[in-house]
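Each chain gets a letter, A, B, C, D, E and F, in the order it is written, and its residues are counted from 1.
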Amino acid sequence: MNATASALDTGDTAWMLVSTAMVLFMIPGLALFYGGLARSKNMLGTMMHSFITMGVITLQWMVIGYSLAFSDGGNGLVGGIDLAFLRGIGPESLHGSIPAFLWIAFQGAFACITPALISGAIAERIRFGPYIVFILLWSTLVYDPVCHWVWHPNGFLAQAGAIDFAGGLVVHLTSGIAGLAACIILGKRHGLERGIMPHNMVHVVLGAGILWFGWFGFNAGSAVGSNGTAALAFLNTFVGPAAGICTWLLIEKAHLGKSSALGGATGAIAGLAAVTPAAGSVLPFAAMALAAVTAGVCYVFVAKKQSMGYDDALDAFGVHGIAGIVGPLAIGVIASQGVNSLLFHGSDTALGGMDQLLAQVKALAAVGGYSMVVTGILVITIEKTIGFRVGKDVEEQGLDLSLHGEKAYNH
Amino acid sequence: MKKIEAIIRPFKLDDVRNALGDKIHGMSVMEMKGFGRQRGHSEVYRGAEYKIDFVPKIRLEIICKDEEAENLIAIICESARTGKIGDGKIFLSDVQDIIRIRTGERGEAVI
Amino acid sequence: MNATASALDTGDTAWMLVSTAMVLFMIPGLALFYGGLARSKNMLGTMMHSFITMGVITLQWMVIGYSLAFSDGGNGLVGGIDLAFLRGIGPESLHGSIPAFLWIAFQGAFACITPALISGAIAERIRFGPYIVFILLWSTLVYDPVCHWVWHPNGFLAQAGAIDFAGGLVVHLTSGIAGLAACIILGKRHGLERGIMPHNMVHVVLGAGILWFGWFGFNAGSAVGSNGTAALAFLNTFVGPAAGICTWLLIEKAHLGKSSALGGATGAIAGLAAVTPAAGSVLPFAAMALAAVTAGVCYVFVAKKQSMGYDDALDAFGVHGIAGIVGPLAIGVIASQGVNSLLFHGSDTALGGMDQLLAQVKALAAVGGYSMVVTGILVITIEKTIGFRVGKDVEEQGLDLSLHGEKAYNH
Amino acid sequence: MNATASALDTGDTAWMLVSTAMVLFMIPGLALFYGGLARSKNMLGTMMHSFITMGVITLQWMVIGYSLAFSDGGNGLVGGIDLAFLRGIGPESLHGSIPAFLWIAFQGAFACITPALISGAIAERIRFGPYIVFILLWSTLVYDPVCHWVWHPNGFLAQAGAIDFAGGLVVHLTSGIAGLAACIILGKRHGLERGIMPHNMVHVVLGAGILWFGWFGFNAGSAVGSNGTAALAFLNTFVGPAAGICTWLLIEKAHLGKSSALGGATGAIAGLAAVTPAAGSVLPFAAMALAAVTAGVCYVFVAKKQSMGYDDALDAFGVHGIAGIVGPLAIGVIASQGVNSLLFHGSDTALGGMDQLLAQVKALAAVGGYSMVVTGILVITIEKTIGFRVGKDVEEQGLDLSLHGEKAYNH
Amino acid sequence: MKKIEAIIRPFKLDDVRNALGDKIHGMSVMEMKGFGRQRGHSEVYRGAEYKIDFVPKIRLEIICKDEEAENLIAIICESARTGKIGDGKIFLSDVQDIIRIRTGERGEAVI
Amino acid sequence: MKKIEAIIRPFKLDDVRNALGDKIHGMSVMEMKGFGRQRGHSEVYRGAEYKIDFVPKIRLEIICKDEEAENLIAIICESARTGKIGDGKIFLSDVQDIIRIRTGERGEAVI
């Protein structure tokens, strides 16, 4: 990275140490959240889809991923391979006011959680080995380049002025769209028409709680320092989901007459995903409005998905994909309204105004389209060669026993 | 000897147990789900409503002497009743023999 | 706030960012703790009682709560409305050495968890909508003013010299007393006489673990900086509950012949609540003694509650209320003994001695009495108008299915 | 302590506050991890084995443990008793750039978790009271002195140049060996020959996630500051377990044809334990290699334990003991290879080279042998006097009901 | 009256329920584990493989009139069949009486 | 054909299963709670003690030929016995017919 800094700041470093740990803690949180939504026979398989990213994507990141995303040695589309194996980086290297190793870890945590999000769309019906192949390729071909486009100063979308504070485009849009593509290609789960219900809502609510906790590190850590922007991002990560919860529960009450715990949890996640790209860029009441709108749009997509004919099992697209579209777009809208003093907090860019909206739309199209196409090719190729989807027998017996030789519960 | 199998509402178990008092010397209890005339409930899941037919029930099994059966049935009926659909049913059938594992004793004495 | 500070300190800010996240993480922890103590048919409803505060109280805090509690524009009884919607506060505003937004978030987390504590007293038998109405009114009418009394420099109890480091009065006493009032008014659960047992002790122990973890942020974060007072509060939050655990288990062993996991967890929570008001004001061995005494008193109240005729379902009063009385009182006793060098660590006040004890008693009476009266009026009004308590059918079927249309477990 | 520091650093203090809380959070994590591996009838008893350390060991640490481990008033074998009851230490005392009270808390957290690790070896068959007696004596006679040997500058192993960054020797070796000794003496669980399976793998995976999260505080906190060494330790704690996961799953797949969730979790823990002694001393790719090798060795021990005739119930020796041997040894090997620039990051010692390997071997022998002998004497004495192992009836009914008067689950 | 007790594969419950449609007015469902000719599965636990004989099954209990039994059995057989070992079994036995708790009614009318 | 229903202590299941060996070709197992002469246990809850009557038990169901029943009962008695109150009971009753879902076969051949 080309950030220059004269010296390590212990306060900034302290916050980044913690926020990195918090982001990584989101992965067991996600495993619990997704697992609870699945059926008990698929609990462990579903948890493994998240958990394994901390194994294989971590290694990929150390070997090549970080370099592809953040080395200066590439062009606007992808980084070079000069930092493969972290060549030349040592414990004394700095990134801004924090150790370079810490920056690598922080970004590595993002690289791990993003493919895990995809797994929600194709849960309860995929093979484990091919899934690992898929996420390794996807991280290398989709995540790392998109990360470079948006977050490396040389990236073509960064150059175009796109704002994505903590990963609306890089994390939620890429994974949400990938989930949509993958679940369309791989088809529906057997028995879906009769309704498949979450097997353990306690896991879901606790998982959402852990995700929210970790998300403070995710969003406020994206300030890469312990400062006013971090505090702004923090407050937005607190009040945005609050608005998401209230919105979801009100719609649900109006629509179905009841407010559910899953509704509250989903509204919170939708709100969290919504404020992510904007966390350090908009003021709190704008973040609340953004989260409320996003939660509303997510509600519609999630409720209508049955009739749309694809089986986004745990709503990776319905929540993360939608929020990854609405969030970045809303920033453009807000920035274009000239209401900066009330809603918008500065920007890393000189654009603002209508240009900002165009930059956001362009980024959405580029990132969404790219993720869709590459994911489609990957999933089709894996399915045709080694086989991605499990057989009907395995699906009926459940992934846990069939693929992992375990049962989640042995009362 | 008779086997009395009663399907009751879960929250009535304590009442039934208390009403039977020392008129029985043992019983077995299982959790199950039933469907019948009682409407199930609907569950809400991410913007959609699902109709669930099965409602949780408790199944009691009591083995008793032939002459005790009628009385026990009457007690169960009374103590498990709420008067609303879904109170449950009692099935009565014959048991040919009963053995106490601990002692190997057989027949009515074992109850 | 009238705190003046020249500059942001990255270390202080780092610690406050984390401690705010930790306090918020207590809410899922509390949801798990309370939920596990309830019956399985009420698991989600009970979790929602905690979880929903992060939705609605957060919004209330942003709109008006923070202003009522912390604006300088009021008097000794309540803040003004000049900071409603955080008017005039921006990402660059500071509170002492940390961003003002961070201070607002930290205090907002306290505002969320306090009403959640109340719910334990009236668990398993209340309607969801009226509960939301209740906590919104309660926060506005009880929490925000009391917070102002004790923690705003202009507050009349702060002026009187009352010490409440991290919320023995503001958090535990207000909520514990409110719980007592509410559960007396709403009456007992059906079937209580036959004994109602926790449905999942693993949730209870894990919830207690999460609460303890978050409590380090709660207490040591109340130093509003990364310094010696924070370290003192931290150590007290470590050793106090330890004494609480040991005390509870010993009493239980002597009384009933067994030491239970729930006893350990309850002793820890009692110890945590006990050291809260004193965390930054007493030295570690005083904190341990304080926690031990409190745990003992709580044991008696919890064990005797059956015979006292009210149904404080999950012991909101028995633990938090009692600790909220014993803790603040004990500070006065310690301060009045002239044993400062061994037990007492400085003070924000010039009082000390017997005056301190009087100040504490006065604060206890004011806060406890106020919370009791206002809560009583609120609960009675809600019960008579829209109805607070559920019908017998709903209580028998359980809140989860009846009110939220969900089951916690679907094996 | 003889560390000298002119002033408190808020950044260092912030990081140490958090990392101490994170280490303490490992204890509920461990309770969940171990508990899930046990049978449901022993869930709470198993959780209590971990949880109770936060009660009794905390008190022991305050009274005498800290002094025995860290006072300057002793010799090379043990500290003095001059710091008993923390005499002379106040909120203003510093340890380096952090408050002394914080240092005491951080080290106290280590003192708590270490005996909890032992309990895994003897799970499902011990009495609660005698277990408390055991851990109190063990901490006083084994943990505190060994801590002094290795981590106090005067300690004879510290003097000999042994490297143990975050506790491979002090934590994992002592507890792993103690577990082995204790489980051999106390004998096998009834019914082991028919296979005893984990009762709740979700608890195991979540517990592993919490442990990993906390371990960032454990390892990176051992830098006692917010700096480059902390970042290095952090990154190693991220990538080491990743290598552990991949290694375990690959071996399992090759050996048994399936990759299990428990395998992933165990590989992560093995990797974490492996990098612990080396976290701040080796570069990331060395940490990965170290973790991979350790995971492989652990796999063999865990898989073969049945045939070796002892019942290390939850693999306290098989994972922590083995990692506590391989890790410290590997540091010596790496340091002795003259590959410092690629693998090794500085050292607190002037040794290096082959001398370092000898110092490590000496430390291993001293610590392992001492823990083995003292633990053996303690366990035998307790078993012969008050009785350590439960009777067959209690074992069959389960610890929860028999000893604690509770059931974990009450559906 | 007859009691039909059917042991089926868990994932076939919905099919059986749908196939029975309104030919029955109620049934009871329990989770259980069974062993039979169907090979159990093996579980992997820390480097070792364990053979588990018991497989999860669902047990249905339907009380019906004598003349309905054959038809219901046929429907269950058809809808629960996969053709692979482990599809399960149906046990048929006599029930002497049946009582509706709510009303106290007895006999066939209660079904 | 006969139905043998045995209520045993949970930790005896493996012993019983092993003792039955290949004398049976299948069985069904359910978890349940029972109360009988065996004293229940007491649970401790926040300073109070509660008496719990019900103890966890396992219920086996084996269908066998008439002539096999006595032998199986003897084996179960022996292998499930500890000699202490609470070892459980065995109930024997008639089964009228048995059907293999997979093939539609009926009668003793199916066992």
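The rule is short, and it goes like this: a residue touches a chain if its C-beta (ideal position, glycine included) is under 8 Å from a C-beta of that chain, and two chains touch if they have at least 3 such contacts.
Here the structure is a predicted model, which is why all the values come from computation and not from measurement.
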Shared interface partners, meaning chains that touch chain D and chain E
A, F
Going through A-E, D-E or B-C one by one, find the pair whose contacts repeat those of C-F for over half of the pairs by residue number.
D-E
More contacting C-beta pairs: A-E or A-D? The answer is A-D
Here the gap between chain D and chain F, centre to centre from mean Cα coordinates and rounded to Å, is 44
Cα centroid separation, chain B vs chain D, in Å, comes to 51
List the centre-to-centre spacing of chain B and chain F in whole Å, with centres computed as mean CA coordinates.
18
So what's the Cα centroid distance for chain A and chain C, whole Å?
34
Identify all positions of chain D at which a residue touches two or more other chains, and write them in rising order.
9-12, 14-15, 18, 197-198, 200, 226, 256, 258, 260, 262, 404-407, 409, 411
By the touch definition above, chain B meets two or more other chains at residues 30-31, 43-45, 49, 93-94
Here the pairs of chains that touch are A-B, A-C, A-D, A-E, B-C, B-E, B-F, C-D, C-F, D-E, D-F, E-F
Within their complex, state which residues of chain B touch chain F.
3, 17, 25-30, 63, 93-102, 104, 110
Residue numbers of chain C touching chain B in their complex, please.
191, 194, 396-397, 401, 404-407
Can you check the complex and tell me which residues of chain E touch chain A?
9, 11, 14, 41-45, 49
Would you tell me which residues of chain D are touching chain C in their complex?
8-15, 17-18, 20-21, 24-25, 27-29, 31-32, 35, 43-44, 47-48, 51-52, 54-56, 58-59, 62, 85-86, 90-92, 98-102, 104-105, 108-109, 128, 200, 203, 226, 400, 403-411
Using the touch definition up top, name the residues of chain F that touch chain C in the complex.
43-50
